[in-house]
Amino acid sequence: MTTSVQKTSWRTNPTLIRYALAFQSSKGMAALALVFAITSVALLAPVLFPQGYDFQTRNALVGPSWQHPFGTDEIGRDLMVRAIYGLRTDLGLIFTAVPLSMAIGTILGLLGIISRRLGDWVQRGLDVIAGFPGLILGICIVIVVGTGWLALFIAITIAGLPSFGRLARATLLTQMNREYVIAAMTLGVSKWKIMIRHILPQAAETIIAQGAVFVVAAVFIEAALSIVGLGLQPPEPSLGTLLNIGMLYVTLTPMYVIGPTVILIILALAFSLLADALNEAVNQR
Amino acid sequence: MNAILEVKNLTTVFGPRAAPIKAVSNVSFEVSPGRVLGLVGESGSGKSVTARSVMRLLSARGRVTEGSVMFEGQDILELSEKDMLNKRGKDIAMVFQDPQSTLNPVVRVGTQIMEALEVHGVSKAEARERAKELLDQVGIPEPETALDRYPHQFSGGMRQRVVIAIALAHKPKLLIADEPTTALDVTIQAQILQLLADLRHQLGIAVIMITHDMGVVAELCDDLVVMYAGRVVERGTVEEVFRAPRHAYTAALFSAMPSVDGNEDILRAIPGNPPVATNLPSGCAFRDRCSFADDRCKNVIPELFQLSDTHSAACARADEHERDLSPPIPAQVASNSNEASGKEDTPILEVRNLHTDVNASAKGLFRKHNPIYAVDDISFKVFPGQTLGLVGESGCGKSTLSRTIVGINQVTSGSIIVDGRDVTAMSDEDRKHIAKTLQYVFQDPSGSLNPRRTIGQSLQEALEIVGLHGDAALRRSHELADQVGLSRTHLARFPYELSGGQKQRVGIARALSVNPKVLICDEPVSALDVSIQAQIINLLAQLRDELNLGFLFIAHDLSVVRHISDQLAVMYLGRFVETGAAHQIYNAPNHPYTKSLLSAIPTADIDVDPTQRIVLTGDMPSLANPPSGCRFRTRCPMGPVYANGRQSCVDLDPKLIDAGDARLSACHHWKDVTKAMTTEALK
Amino acid sequence: MHAVTFFYKTHGWQTKMLRFLARKIPSVMVVALISSMIAFILPRFAPGDPAVAIAGSEATPEQLAAVRAELGLDQPLVLQYWDWLAGVFQGDLGMSLITKRPVSELILSGLESTLELTLLATILMITVGLVLGVLGGAKSTGLGRLLLDVVTTIFLATPPFLTGLILIVLLGIVTPILPVSGEVLLSEDFVEGLKYLILPALALAIPQGALVARLLQTTMTAMRNEDFVDLAKAKGVRPGLILRRHVLRNSWGPAVVAIGLRIGDLLAGAIVVEAIFARNGLGSLAVLSVQSRDYFVLQALILGAVIIAVVIQLLCEIILATLDPRIRLEG
């Protein structure tokens, strides 16, 4: 909006400097590398394994080998391929539900700018949702919409609202007391411009960092619900459904469980490291 | 003189080994028992780092690379950490700046004092007795009960007394006080300074007093070390340095200080900004800002030149004894504002009987509402081209007042008239009118600029309001930058790239961008270094005269407003206690509070006897529960607490009454103030 | 000062706590009430008619109506809710649609198993959290800190069911030490029961404990930079005492809050862990009820879980208030 008037070197932009510093640490680099690796493997799954997740070999329930690093399942499907397609399902779910949850949560939290009372009421509503632990919430949704992708999508979206809403609201309240916001108000700058210029950028940073934290929680919700049979339903593989069936065969081929577990842990690790790096960037002076 | 502490060639660096940043270079000084050494400098001069190097309390990134710190003939830097633990708190003690954060909030005050004793082997019972004794010594009433209280139950001044008690616990041989009064109000500062002076006479210990305030030095210190950019630029006895400063920086510092008795309208500011440790100029670090610098200063870092046994200065001109090193007096700017007075009699801002209830948000269905008036029946007028100085300590309601005027706090009753329009209702139209007429300059220049946005963007946000966009906005921001003494290249920078003084100039430029008629300056210089304060005050005065602006200039002490005010109002606990023409009030205050405030400010003049000072006792009462009658009576040196026959102060609430010469005073006994408020009369 | 003394003497500790509760309880009640409404309403939105489920798909409209009348389903929703709520207060949670046994009986039968699991898990979680947290927070640099960081991060990234699966594979299959499936109640055989309990409880506790630990570490690191720690150093206080008296004492508050929040998640986590370890607790009951659409059981379970979570959070706030004199004394 103002770039036409002034040339500002991006090298001196403090926001960029903060993020550059945070991601230059070994932790930040590892986070980026892992997240990149995971997403590209998931995205490229159809290219890497064109035979798809339903391709059956002759050998059912064999242990790990060079051909099938994770072994095969009860009807001879390659478990690594299934796990990677499962990852694809999980990421698909996460990358739609989490951003939606972030967006709705932010809007709810920032509603307080209209009036203090509205903000208070929204906060109380979010408190009620926060009273429902993640899985219980999932069960409530399953009761209403039945098992499947939609239930998980809704459960994850709603489960994130309290934390995102609360963060957005906290940012709103602290920013409204910042002198530069007061300065803008005394200049007569409109609420919406103040919101977009001063409050939203700050809120966005903290919410994106919290988003990375919540991705881990979202993966867990999917896996947990699927393990008890209330999540995704076959044939489409997800990490949780693989574990659900793998449980049955755990004594025969432990790799049925270990494979998806390792991928889940890498996924969770990647996003917790990302969350750490993002938080570091937010908190840097 | 047998020095207890000798610091020799101390060099402390920060940051990575590959590219260390020198915070302190080659610093040497000594302190003797019974003497107070003032370590003076502005922020970033290395004075605190020096103290922490002596205590060996540097943060993980800092380390001493050269020099020695001899304490009683032993080099502290060579001691093992275990031996150092035994020295700290026992032989060397420290008092920190902010009493709000130096006491552990969840541990009882008594435990915190006793801890200092117990860690050095005193038994619990003995420690408790000693702690009681210490609390009594530092002037805390009811020591026995105070021991079992928590820090939050004490006021800031009282907490600092506790911190001092902790430092004195073991009768240390050396006490290091790091800006112990900077975070306190003027009247509380006076109390603490008096306490330190008394203690030092009683105990005969050596003290290092770190401060930025030459007034504190004059009042408390015997010797003086002036630091600039990590180096000692001058040292000597206070007498020597104050009589004849031989470093251009020291001299400039003296003339830049705002003072209550200074008469000139324009302060002799030190130009430029203090250098940053990462980017020091070659040669003398002060040369860019020095009026006497020549080629010598560019190339060599000057050594300390010995002027007498005790006095030395690191200035190329230190030996030119006949030369006055004070910066030249600046040319008089534009008009003298006093002449303008009387020409215009329509106020640009008027406030009538204003009340602001700061407890209004606590109104609830089931709760009884107790209004707390932070602004209680305030009336004043501000005229174009004139300054109304508003002085009061923290918590007196001055910020609430200014925030009410710009519509951040809600008006409870009374009226606000801005440029002829009654804006009390604060409708959208009113707010627009206010925004165009009246602007705000904030205290904290860093906080008032969004760190994500460039200076140019911050200015443009303001310019949009008056309908300037694109090239027009750019041209105007160039004009504004010129007007406040910024370079145009600053516009593309981010706030973190600017010094405090430069940021405050941006704040002023932003306020000016809507072409206002009134500026509310809310302590605009109190977050700045002394040498920068003068620049900003001069800039504001100049802008006021050029643009015929009306100023409401808020400050917490009387020295800063002295140089810029035409009219003055003194505020205490939500009310004005005295108003009138500034020079008259400074000459002869009509209210005991004004008189005490004036007296409380330490002056950088060694001929003033600090024992002649009026020191108020106690703290400001709570706004929620003000005293009956006169609100100042609980602390008033001539009031009912100290003098008989002042029952009217308890019974009758004094209104502002005419005290002649268009002055008002809210004291029943204002005629007695001059006579009664002298140290002799108060004995 | 004198005003403070006065205030302090006239208002005792109990009065303050009462006042504190009086301020907190209304909001807790509101949350509980709204939760009960949600628990009640949700099943009604579900597809399928409970009357059909009971009477069978062959039933005539008259039979269905009779079943509805018997269950009170023909009443207006508000009335149904009121009846249900009144029942809850009298300990009558209704009848299971599927097993035709009282809901309270079903819940009682699974209660002990779940209580044992969550209690042990809570104890383990607090232990893991405090030990890892304090160790990590005590050191700011060095190899030890790095190691603790890695351990905490891995624990964090491993949800209860995964920890459970890993424990099953490691301790149950690779080196069979402990039983991995089924349960024995502690009241029946304490030692044997404990053997069955350890793995599921650990599985539940470790990841939640890691969250507590991480928070404690961050708080302690922040506290270490506080001015009062500098003052303590300047007093000559040994590092150990600085840690105990100054750093830790100021870090308990956030840790307590974290523990409170985690207990709610622990309850929910029991659902999965019970499934993995084939325990017959309330978690399994919940899963079964969802699958068989047994709404009256679900209502009761959801309500119970939410109310326990809310009450624990309230308890934590009370503990928090007693820990911090600033809250304790000013109310």
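Structural remarks
We just call them A, B and C in the order they show up, numbering each chain from 1.
The rule is short, and it goes like this: a contact is a pair of C-beta atoms (placed from the backbone, for glycine too) under 8 Å apart; a residue touches a chain by one contact, two chains touch by 3 or more.
Because the structure is predicted, anything quoted here is derived from the model rather than measured.
Because contacts link each chain to all the remaining chains, their graph is best described as complete. Centrality by C-alpha centroid: the chain sitting nearest the overall protein C-alpha mean is B. Taking each chain's centre as the mean of its C-alpha atoms, subunit A lies 23 Å from subunit C.
Centre-to-centre separation of subunit A and subunit B, using mean CA positions: 48 Å. The geometric centre of subunit B is 51 Å away from that of subunit C, both derived from CA atoms.
Residue ranges of subunit C in contact with subunit A, taken from their complex: 27, 30-31, 34-35, 38-39, 42-43, 45-47, 153-154, 156-162, 165-166, 168-169, 173-174, 264-265, 267-269, 271-272, 275-276, 286-287, 290-291, 293, 295, 298, 302, 305-306, 309-310. Of all residues in subunit A, only 124, 127-128, 131-136, 139-140, 142-144, 146, 216, 219-220, 223-224, 227-230, 243, 247, 250-251, 254, 257-258, 261, 264-265, 268-269, 272-273 touch subunit C in the complex they form.
Partner subunit C is touched in their complex by these residues of subunit B: 55, 57, 60, 85-90, 93-94, 96, 98, 101-107, 115-116, 119-120, 141-142, 145, 149-150, 152-155, 158, 163, 166-167, 169, 619, 622, 625.
Residues of subunit C touching subunit B in their complex: 1, 3-5, 8, 140-141, 226-228, 230-238, 241, 245-246, 249-250, 323-326, 329-330. Listed in rising order, the residues of subunit A touching subunit B in the complex are 2, 4-9, 12-15, 178-180, 182-189, 193, 197-198, 201-202.
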